[in-house]
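The block underneath contains the structure these notes are about, expressed in C-alpha coordinates.
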(Lines give C-alpha, C1' and ligand atoms only; values in the text may rest on other atoms or scores of the structure.)
Protein backbone atom coordinates (compact mmCIF):
# COMPACT_ATOMS: atom_id res chain seq x y z
CA UNK A 1 0.00 0.00 0.00
CA UNK A 2 1.08 3.57 -0.69
CA UNK A 3 -0.34 6.74 0.79
CA UNK A 4 -1.30 9.70 -1.42
CA UNK A 5 -1.54 13.15 0.17
CA UNK A 6 -3.02 16.30 -1.33
CA UNK A 7 -1.32 19.48 -0.19
CA UNK A 8 -2.31 23.12 0.19
CA UNK A 9 -5.58 24.11 -1.42
CA UNK A 10 -6.51 20.64 -2.75
CA UNK A 11 -9.37 19.83 -0.42
CA UNK A 12 -9.15 16.06 -0.40
CA UNK A 13 -8.48 13.44 2.25
CA UNK A 14 -5.42 11.17 1.78
CA UNK A 15 -5.84 7.92 -0.16
CA UNK A 16 -4.35 4.50 0.62
CA UNK A 17 -3.81 2.65 -2.66
CA UNK A 18 -2.45 -0.73 -3.68
CA UNK A 19 -0.36 0.32 -6.70
CA UNK A 20 3.22 -0.27 -7.86
CA UNK A 21 3.94 2.73 -10.05
CA UNK A 22 2.87 6.28 -10.80
CA UNK A 23 1.20 5.34 -14.10
CA UNK A 24 -1.37 3.40 -12.11
CA UNK A 25 -1.81 6.40 -9.84
CA UNK A 26 -2.35 8.70 -12.83
CA UNK A 27 -5.11 6.44 -14.16
CA UNK A 28 -6.90 6.34 -10.81
CA UNK A 29 -6.68 10.08 -10.18
CA UNK A 30 -7.74 11.01 -13.71
CA UNK A 31 -11.11 9.38 -12.99
CA UNK A 32 -11.59 11.60 -9.92
CA UNK A 33 -13.77 14.60 -10.77
CA UNK A 34 -12.52 16.50 -7.68
CA UNK A 35 -8.96 16.47 -9.03
CA UNK A 36 -9.76 17.65 -12.52
CA UNK A 37 -8.39 21.17 -12.01
CA UNK A 38 -5.28 19.99 -10.16
CA UNK A 39 -3.60 17.14 -12.04
CA UNK A 40 -2.38 19.34 -14.90
CA UNK A 41 -0.70 21.91 -12.63
CA UNK A 42 0.49 19.89 -9.64
CA UNK A 43 3.96 18.55 -8.99
CA UNK A 44 4.49 15.07 -7.58
CA UNK A 45 6.83 13.98 -4.80
CA UNK A 46 7.65 10.44 -3.72
CA UNK A 47 8.84 10.30 -0.13
CA UNK A 48 9.30 14.08 -0.19
CA UNK A 49 11.47 14.13 -3.31
CA UNK A 50 10.01 15.71 -6.43
CA UNK A 51 9.85 13.39 -9.44
CA UNK A 52 9.82 14.40 -13.07
CA UNK A 53 8.41 11.25 -14.70
CA UNK A 54 5.92 8.49 -14.00
CA UNK A 55 8.51 5.75 -14.37
CA UNK A 56 9.71 5.59 -10.77
CA UNK A 57 8.59 2.29 -9.15
CA UNK A 58 6.66 2.45 -5.87
CA UNK A 59 7.13 0.19 -2.88
CA UNK A 60 5.01 -0.61 0.12
CA UNK A 61 4.86 2.32 2.53
CA UNK A 62 5.81 5.01 0.03
CA UNK A 63 4.32 8.46 0.50
CA UNK A 64 3.19 10.35 -2.58
CA UNK A 65 2.37 14.05 -2.38
CA UNK A 66 0.61 16.31 -4.87
CA UNK A 67 1.81 19.93 -4.77
CA UNK A 68 -0.45 22.46 -6.50
CA UNK A 69 0.84 25.88 -7.69
CA UNK A 70 2.76 27.72 -4.99
CA UNK A 71 3.05 31.32 -3.85
CA UNK A 72 5.21 31.96 -0.80
CA UNK A 73 6.30 35.30 0.53
CA UNK B 1 38.57 85.06 -8.02
CA UNK B 2 37.55 81.42 -7.86
CA UNK B 3 38.33 78.92 -5.13
CA UNK B 4 39.74 75.47 -5.94
CA UNK B 5 39.34 72.69 -3.35
CA UNK B 6 41.07 69.31 -3.32
CA UNK B 7 38.95 66.56 -1.79
CA UNK B 8 39.59 63.27 -0.03
CA UNK B 9 43.16 61.98 -0.24
CA UNK B 10 44.58 64.90 -2.24
CA UNK B 11 46.68 66.55 0.44
CA UNK B 12 46.64 70.11 -0.77
CA UNK B 13 45.35 73.39 0.62
CA UNK B 14 42.68 75.25 -1.39
CA UNK B 15 43.80 77.77 -4.03
CA UNK B 16 42.32 81.19 -4.80
CA UNK B 17 42.85 81.92 -8.50
CA UNK B 18 42.00 84.73 -10.87
CA UNK B 19 40.82 82.73 -13.90
CA UNK B 20 37.76 82.76 -16.15
CA UNK B 21 37.55 79.19 -17.42
CA UNK B 22 38.64 75.63 -16.70
CA UNK B 23 41.23 75.58 -19.48
CA UNK B 24 43.21 78.16 -17.55
CA UNK B 25 42.82 76.04 -14.43
CA UNK B 26 44.10 72.95 -16.27
CA UNK B 27 47.25 74.81 -17.38
CA UNK B 28 47.99 76.03 -13.86
CA UNK B 29 47.40 72.65 -12.18
CA UNK B 30 49.40 70.73 -14.80
CA UNK B 31 52.48 72.65 -13.67
CA UNK B 32 51.94 71.52 -10.07
CA UNK B 33 54.13 68.50 -9.25
CA UNK B 34 51.94 67.60 -6.23
CA UNK B 35 48.94 67.04 -8.50
CA UNK B 36 50.66 64.88 -11.08
CA UNK B 37 49.04 61.63 -9.93
CA UNK B 38 45.57 63.18 -9.51
CA UNK B 39 44.65 65.21 -12.58
CA UNK B 40 44.21 62.19 -14.84
CA UNK B 41 41.83 60.39 -12.49
CA UNK B 42 39.91 63.17 -10.76
CA UNK B 43 36.46 64.47 -11.58
CA UNK B 44 35.73 68.20 -11.53
CA UNK B 45 32.75 69.97 -10.02
CA UNK B 46 31.83 73.64 -10.38
CA UNK B 47 29.64 74.84 -7.52
CA UNK B 48 29.03 71.21 -6.54
CA UNK B 49 27.86 70.09 -9.98
CA UNK B 50 30.08 67.68 -11.89
CA UNK B 51 31.21 68.97 -15.29
CA UNK B 52 32.27 66.90 -18.27
CA UNK B 53 34.24 69.45 -20.30
CA UNK B 54 36.55 72.41 -19.80
CA UNK B 55 34.31 74.78 -21.74
CA UNK B 56 32.14 76.01 -18.87
CA UNK B 57 32.91 79.69 -18.09
CA UNK B 58 33.77 80.62 -14.51
CA UNK B 59 32.59 83.67 -12.65
CA UNK B 60 33.76 85.44 -9.55
CA UNK B 61 33.05 83.43 -6.41
CA UNK B 62 32.74 80.03 -8.13
CA UNK B 63 33.88 76.98 -6.20
CA UNK B 64 35.76 74.29 -8.09
CA UNK B 65 36.29 70.86 -6.53
CA UNK B 66 38.61 68.04 -7.57
CA UNK B 67 37.24 64.59 -6.70
CA UNK B 68 39.79 61.75 -6.85
CA UNK B 69 38.73 58.06 -7.24
CA UNK B 70 36.02 57.07 -4.76
CA UNK B 71 35.24 53.98 -2.69
CA UNK B 72 32.26 54.23 -0.37
CA UNK B 73 30.68 51.40 1.58
CA UNK C 1 18.91 28.42 8.98
CA UNK C 2 15.20 28.11 8.25
CA UNK C 3 12.71 29.45 10.79
CA UNK C 4 8.93 29.02 10.64
CA UNK C 5 6.58 31.03 12.84
CA UNK C 6 2.86 30.94 13.59
CA UNK C 7 1.54 34.31 12.40
CA UNK C 8 3.47 37.44 11.51
CA UNK C 9 7.23 37.92 11.84
CA UNK C 10 8.95 40.19 14.35
CA UNK C 11 11.08 41.77 11.63
CA UNK C 12 13.31 44.09 13.73
CA UNK C 13 14.24 41.29 16.11
CA UNK C 14 14.94 38.75 13.39
CA UNK C 15 17.10 41.20 11.41
CA UNK C 16 18.97 42.10 14.58
CA UNK C 17 19.52 38.51 15.70
CA UNK C 18 20.79 37.42 12.28
CA UNK C 19 23.13 40.42 12.12
CA UNK C 20 24.52 39.63 15.56
CA UNK C 21 24.86 35.91 14.83
CA UNK C 22 27.24 36.71 11.96
CA UNK C 23 28.92 39.75 13.51
CA UNK C 24 32.26 37.95 13.83
CA UNK C 25 32.00 35.83 10.66
CA UNK C 26 33.84 38.35 8.47
CA UNK C 27 31.06 38.77 5.93
CA UNK C 28 31.24 42.14 4.20
CA UNK C 29 27.67 42.14 2.86
CA UNK C 30 24.34 41.33 4.54
CA UNK C 31 21.22 41.68 2.37
CA UNK C 32 17.84 40.84 3.87
CA UNK C 33 14.66 40.78 1.80
CA UNK C 34 11.50 41.51 3.81
CA UNK C 35 8.06 40.73 2.40
CA UNK C 36 5.08 42.58 3.87
CA UNK C 37 1.35 42.09 3.28
CA UNK C 38 0.00 44.88 1.06
CA UNK C 39 -3.51 46.26 1.14
CA UNK C 40 -4.99 45.38 -2.25
CA UNK C 41 -8.16 43.82 -3.64
CA UNK C 42 -9.99 44.43 -0.37
CA UNK C 43 -8.15 41.70 1.55
CA UNK C 44 -7.85 41.72 5.35
CA UNK C 45 -4.62 39.74 5.22
CA UNK C 46 -3.02 36.59 3.86
CA UNK C 47 -2.77 33.06 5.17
CA UNK C 48 -0.14 30.42 4.41
CA UNK C 49 0.15 26.64 4.34
CA UNK C 50 3.65 25.17 4.26
CA UNK C 51 4.78 21.64 3.45
CA UNK C 52 7.81 21.52 5.67
CA UNK C 53 9.70 18.39 4.51
CA UNK C 54 10.12 19.65 0.95
CA UNK C 55 10.66 23.25 2.06
CA UNK C 56 13.53 22.04 4.22
CA UNK C 57 15.21 20.04 1.44
CA UNK C 58 14.72 22.90 -1.04
CA UNK C 59 16.29 25.30 1.45
CA UNK C 60 19.16 22.93 2.21
CA UNK C 61 20.00 22.69 -1.51
CA UNK C 62 20.21 26.50 -1.67
CA UNK C 63 22.35 26.58 1.45
CA UNK C 64 24.82 24.25 -0.32
CA UNK C 65 24.83 26.48 -3.42
CA UNK C 66 25.54 29.48 -1.20
CA UNK C 67 28.27 27.65 0.69
CA UNK C 68 30.06 26.89 -2.59
CA UNK C 69 30.42 30.66 -3.05
CA UNK C 70 31.41 31.36 0.55
CA UNK C 71 27.96 32.72 1.41
CA UNK C 72 25.13 31.72 3.73
CA UNK C 73 21.37 32.12 3.56
CA UNK C 74 18.83 32.57 6.35
CA UNK C 75 15.09 32.49 5.95
CA UNK C 76 12.00 33.02 8.09
CA UNK C 77 8.38 32.49 7.00
CA UNK C 78 4.95 32.68 8.58
CA UNK C 79 2.40 29.88 8.83
CA UNK C 80 -1.28 30.73 9.19
CA UNK C 81 -2.68 34.25 9.16
CA UNK C 82 -0.73 37.47 8.61
CA UNK C 83 -2.70 40.70 8.55
CA UNK C 84 -2.28 43.87 6.45
CA UNK C 85 1.08 45.65 6.86
CA UNK C 86 2.52 42.75 8.83
CA UNK C 87 5.42 40.76 7.39
CA UNK C 88 5.35 37.09 6.42
CA UNK C 89 8.74 36.49 4.82
CA UNK C 90 12.40 37.37 5.37
CA UNK C 91 15.35 35.88 3.59
CA UNK C 92 18.91 37.10 3.85
CA UNK C 93 22.26 36.45 2.25
CA UNK C 94 25.62 37.03 3.94
CA UNK C 95 28.74 36.92 1.80
CA UNK C 96 32.30 38.21 1.89
CA UNK C 97 31.77 40.53 -1.10
CA UNK C 98 28.81 42.43 -2.43
CA UNK C 99 28.38 40.94 -5.93
CA UNK C 100 27.75 37.41 -4.68
CA UNK C 101 25.20 38.68 -2.15
CA UNK C 102 23.38 40.90 -4.65
CA UNK C 103 23.12 38.10 -7.19
CA UNK C 104 22.19 35.45 -4.64
CA UNK C 105 19.37 37.38 -3.01
CA UNK C 106 17.76 37.93 -6.40
CA UNK C 107 18.10 34.32 -7.55
CA UNK C 108 17.04 32.97 -4.18
CA UNK C 109 13.91 35.12 -3.88
CA UNK C 110 12.84 34.31 -7.44
CA UNK C 111 13.33 30.56 -6.96
CA UNK C 112 11.56 30.82 -3.62
CA UNK C 113 8.54 32.29 -5.41
CA UNK C 114 8.61 29.61 -8.10
CA UNK C 115 9.49 26.53 -6.07
CA UNK C 116 9.02 26.76 -2.30
CA UNK C 117 6.07 24.55 -1.24
CA UNK C 118 4.02 27.33 0.33
CA UNK C 119 0.41 28.11 -0.52
CA UNK C 120 -1.09 31.56 -0.14
CA UNK C 121 -4.70 32.45 0.60
CA UNK C 122 -6.39 35.85 0.67
CA UNK C 123 -8.37 36.55 3.83
CA UNK C 124 -11.62 38.13 2.64
CA UNK C 125 -14.77 38.49 4.76
CA UNK C 126 -13.49 35.86 7.18
CA UNK C 127 -12.85 33.34 4.37
CA UNK C 128 -9.58 31.84 3.15
CA UNK C 129 -9.45 32.07 -0.67
CA UNK C 130 -6.58 30.33 -2.53
CA UNK C 131 -4.52 32.92 -4.42
CA UNK C 132 -4.72 30.90 -7.60
CA UNK C 133 -3.95 33.69 -10.06
CA UNK C 134 -0.71 34.66 -8.28
CA UNK C 135 0.48 31.06 -7.86
CA UNK C 136 3.08 29.29 -9.98
CA UNK C 137 3.12 25.61 -10.93
CA UNK C 138 6.32 24.00 -9.65
CA UNK C 139 8.74 23.01 -12.45
CA UNK C 140 7.84 19.54 -13.69
CA UNK C 141 4.18 19.83 -12.71
CA UNK C 142 1.44 18.09 -14.64
CA UNK C 143 2.90 14.60 -15.06
CA UNK C 144 -0.26 13.03 -13.62
CA UNK C 145 -2.50 14.89 -16.10
CA UNK C 146 -3.88 13.43 -19.31
CA UNK D 1 16.53 59.98 3.46
CA UNK D 2 20.30 60.23 3.78
CA UNK D 3 21.88 59.86 7.21
CA UNK D 4 25.56 60.41 8.02
CA UNK D 5 27.08 59.29 11.32
CA UNK D 6 30.40 59.79 13.04
CA UNK D 7 31.87 56.28 13.38
CA UNK D 8 30.13 52.93 13.01
CA UNK D 9 26.41 52.41 12.38
CA UNK D 10 23.94 50.95 14.86
CA UNK D 11 22.61 48.51 12.27
CA UNK D 12 19.77 46.85 14.26
CA UNK D 13 18.31 50.20 15.26
CA UNK D 14 18.55 51.75 11.82
CA UNK D 15 16.95 48.69 10.15
CA UNK D 16 14.19 48.74 12.78
CA UNK D 17 13.53 52.47 12.50
CA UNK D 18 13.35 52.39 8.71
CA UNK D 19 11.00 49.38 8.83
CA UNK D 20 8.74 51.13 11.29
CA UNK D 21 8.79 54.43 9.37
CA UNK D 22 7.31 52.66 6.34
CA UNK D 23 5.10 50.18 8.20
CA UNK D 24 1.89 51.82 6.97
CA UNK D 25 3.15 52.87 3.52
CA UNK D 26 1.91 49.71 1.79
CA UNK D 27 5.28 48.64 0.42
CA UNK D 28 5.47 44.89 -0.16
CA UNK D 29 9.26 44.65 -0.33
CA UNK D 30 12.01 46.10 1.89
CA UNK D 31 15.59 45.25 0.93
CA UNK D 32 18.43 46.67 3.00
CA UNK D 33 22.07 46.24 2.03
CA UNK D 34 24.47 46.31 4.99
CA UNK D 35 28.22 46.77 4.45
CA UNK D 36 30.54 45.61 7.23
CA UNK D 37 34.30 46.07 7.60
CA UNK D 38 36.10 42.80 6.85
CA UNK D 39 39.35 41.67 8.37
CA UNK D 40 41.80 41.52 5.46
CA UNK D 41 45.30 42.74 4.61
CA UNK D 42 46.07 43.26 8.27
CA UNK D 43 43.90 46.35 8.66
CA UNK D 44 42.51 47.49 12.00
CA UNK D 45 39.56 49.17 10.34
CA UNK D 46 38.58 51.68 7.68
CA UNK D 47 38.13 55.42 7.69
CA UNK D 48 35.95 57.56 5.43
CA UNK D 49 35.88 61.11 4.09
CA UNK D 50 32.63 62.32 2.56
CA UNK D 51 31.96 65.36 0.42
CA UNK D 52 28.42 66.02 1.51
CA UNK D 53 27.10 68.55 -1.05
CA UNK D 54 27.66 66.22 -4.01
CA UNK D 55 26.65 63.13 -2.04
CA UNK D 56 23.32 64.81 -1.29
CA UNK D 57 22.64 65.77 -4.91
CA UNK D 58 23.68 62.32 -6.14
CA UNK D 59 21.35 60.73 -3.58
CA UNK D 60 18.49 63.09 -4.45
CA UNK D 61 18.78 62.12 -8.14
CA UNK D 62 18.43 58.44 -7.15
CA UNK D 63 15.48 59.25 -4.93
CA UNK D 64 13.75 60.78 -7.97
CA UNK D 65 14.53 57.70 -10.08
CA UNK D 66 13.06 55.52 -7.33
CA UNK D 67 9.99 57.70 -6.98
CA UNK D 68 9.26 57.32 -10.71
CA UNK D 69 8.88 53.58 -10.04
CA UNK D 70 6.85 53.98 -6.86
CA UNK D 71 9.84 53.13 -4.66
CA UNK D 72 11.92 54.94 -2.06
CA UNK D 73 15.56 54.68 -1.01
CA UNK D 74 17.16 55.24 2.39
CA UNK D 75 20.86 55.37 3.08
CA UNK D 76 23.17 55.68 6.07
CA UNK D 77 26.96 56.01 5.96
CA UNK D 78 29.78 56.48 8.44
CA UNK D 79 32.28 59.35 8.54
CA UNK D 80 35.65 58.81 10.18
CA UNK D 81 36.84 55.52 11.63
CA UNK D 82 34.98 52.20 11.59
CA UNK D 83 36.72 49.22 13.12
CA UNK D 84 36.77 45.54 12.08
CA UNK D 85 33.36 43.81 12.04
CA UNK D 86 31.57 47.12 12.50
CA UNK D 87 29.29 48.43 9.74
CA UNK D 88 29.82 51.61 7.75
CA UNK D 89 27.06 51.51 5.14
CA UNK D 90 23.37 50.69 4.85
CA UNK D 91 21.13 51.42 1.94
CA UNK D 92 17.58 50.17 1.53
CA UNK D 93 14.87 50.13 -1.09
CA UNK D 94 11.15 49.94 -0.35
CA UNK D 95 8.78 49.23 -3.22
CA UNK D 96 5.28 47.87 -3.76
CA UNK D 97 6.55 44.76 -5.60
CA UNK D 98 9.70 42.69 -5.35
CA UNK D 99 11.19 43.03 -8.88
CA UNK D 100 11.57 46.80 -8.65
CA UNK D 101 13.22 46.50 -5.23
CA UNK D 102 15.59 43.69 -6.29
CA UNK D 103 16.70 45.57 -9.38
CA UNK D 104 16.99 48.94 -7.64
CA UNK D 105 19.11 47.75 -4.74
CA UNK D 106 21.61 46.23 -7.18
CA UNK D 107 21.79 49.29 -9.45
CA UNK D 108 21.90 51.67 -6.51
CA UNK D 109 24.69 49.88 -4.66
CA UNK D 110 26.77 49.58 -7.83
CA UNK D 111 26.37 53.26 -8.71
CA UNK D 112 27.08 54.15 -5.09
CA UNK D 113 30.40 52.33 -5.39
CA UNK D 114 31.23 54.04 -8.69
CA UNK D 115 29.96 57.55 -8.05
CA UNK D 116 29.31 58.52 -4.43
CA UNK D 117 31.92 61.10 -3.31
CA UNK D 118 33.30 59.05 -0.43
CA UNK D 119 36.96 58.19 0.09
CA UNK D 120 38.12 55.11 1.92
CA UNK D 121 41.32 54.67 3.93
CA UNK D 122 42.76 51.55 5.52
CA UNK D 123 43.69 51.94 9.18
CA UNK D 124 47.06 50.24 9.53
CA UNK D 125 49.43 50.72 12.48
CA UNK D 126 47.62 53.89 13.46
CA UNK D 127 47.96 55.38 9.96
CA UNK D 128 45.29 56.28 7.43
CA UNK D 129 46.24 54.85 4.02
CA UNK D 130 44.12 55.78 0.98
CA UNK D 131 42.56 52.62 -0.54
CA UNK D 132 43.76 53.58 -3.99
CA UNK D 133 43.61 50.12 -5.56
CA UNK D 134 39.95 49.62 -4.60
CA UNK D 135 38.85 53.09 -5.67
CA UNK D 136 37.08 54.01 -8.90
CA UNK D 137 37.49 57.21 -10.90
CA UNK D 138 34.14 58.98 -11.17
CA UNK D 139 32.69 58.96 -14.69
CA UNK D 140 34.09 61.90 -16.64
CA UNK D 141 37.29 62.10 -14.61
CA UNK D 142 40.55 63.28 -16.11
CA UNK D 143 39.45 66.39 -17.99
CA UNK D 144 42.14 68.47 -16.26
CA UNK D 145 44.90 66.05 -17.27
CA UNK D 146 47.19 66.48 -20.26
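Letters A, B, C and D mark the chains in the order given here, with residues in each chain numbered from 1 onward.
In this section, a contact is a pair of C-beta atoms (placed from the backbone, for glycine too) under 8 Å apart; a residue touches a chain by one contact, two chains touch by 3 or more.
Keep in mind that this is a model prediction, so the values were computed, not measured.
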item	value
Chain whose Cα centroid lies at the greatest distance from that of subunit D	A
Distance between the centres, which are taken as Cα means, of subunit D and subunit C, whole angstrom	25
Inter-centroid spacing, subunit C versus subunit B (mean Cα positions, whole Å)	49
Shared-contact residues (touching 2 or more other chains) in subunit C	35, 98, 109, 113
Multi-partner residues of subunit B (at least 2 other chains)	73
Contacting chain pairs - touch in the sense defined above	A-C, B-D, C-D
For the subunit D and subunit C complex, residues of the former touching the latter	11-12, 15-16, 19-20, 23-24, 26-39, 85, 96, 98, 101-102, 105-106, 109, 113
Interfacial residue positions of subunit C with respect to subunit A in the complex	35, 48-51, 53-54, 57, 77, 88-89, 109, 112-121, 130-132, 134-146
Subunit B residues touching subunit D - in the complex, by the definition given at the top	7-9, 22, 25-26, 29-30, 39-45, 48-54, 65-73
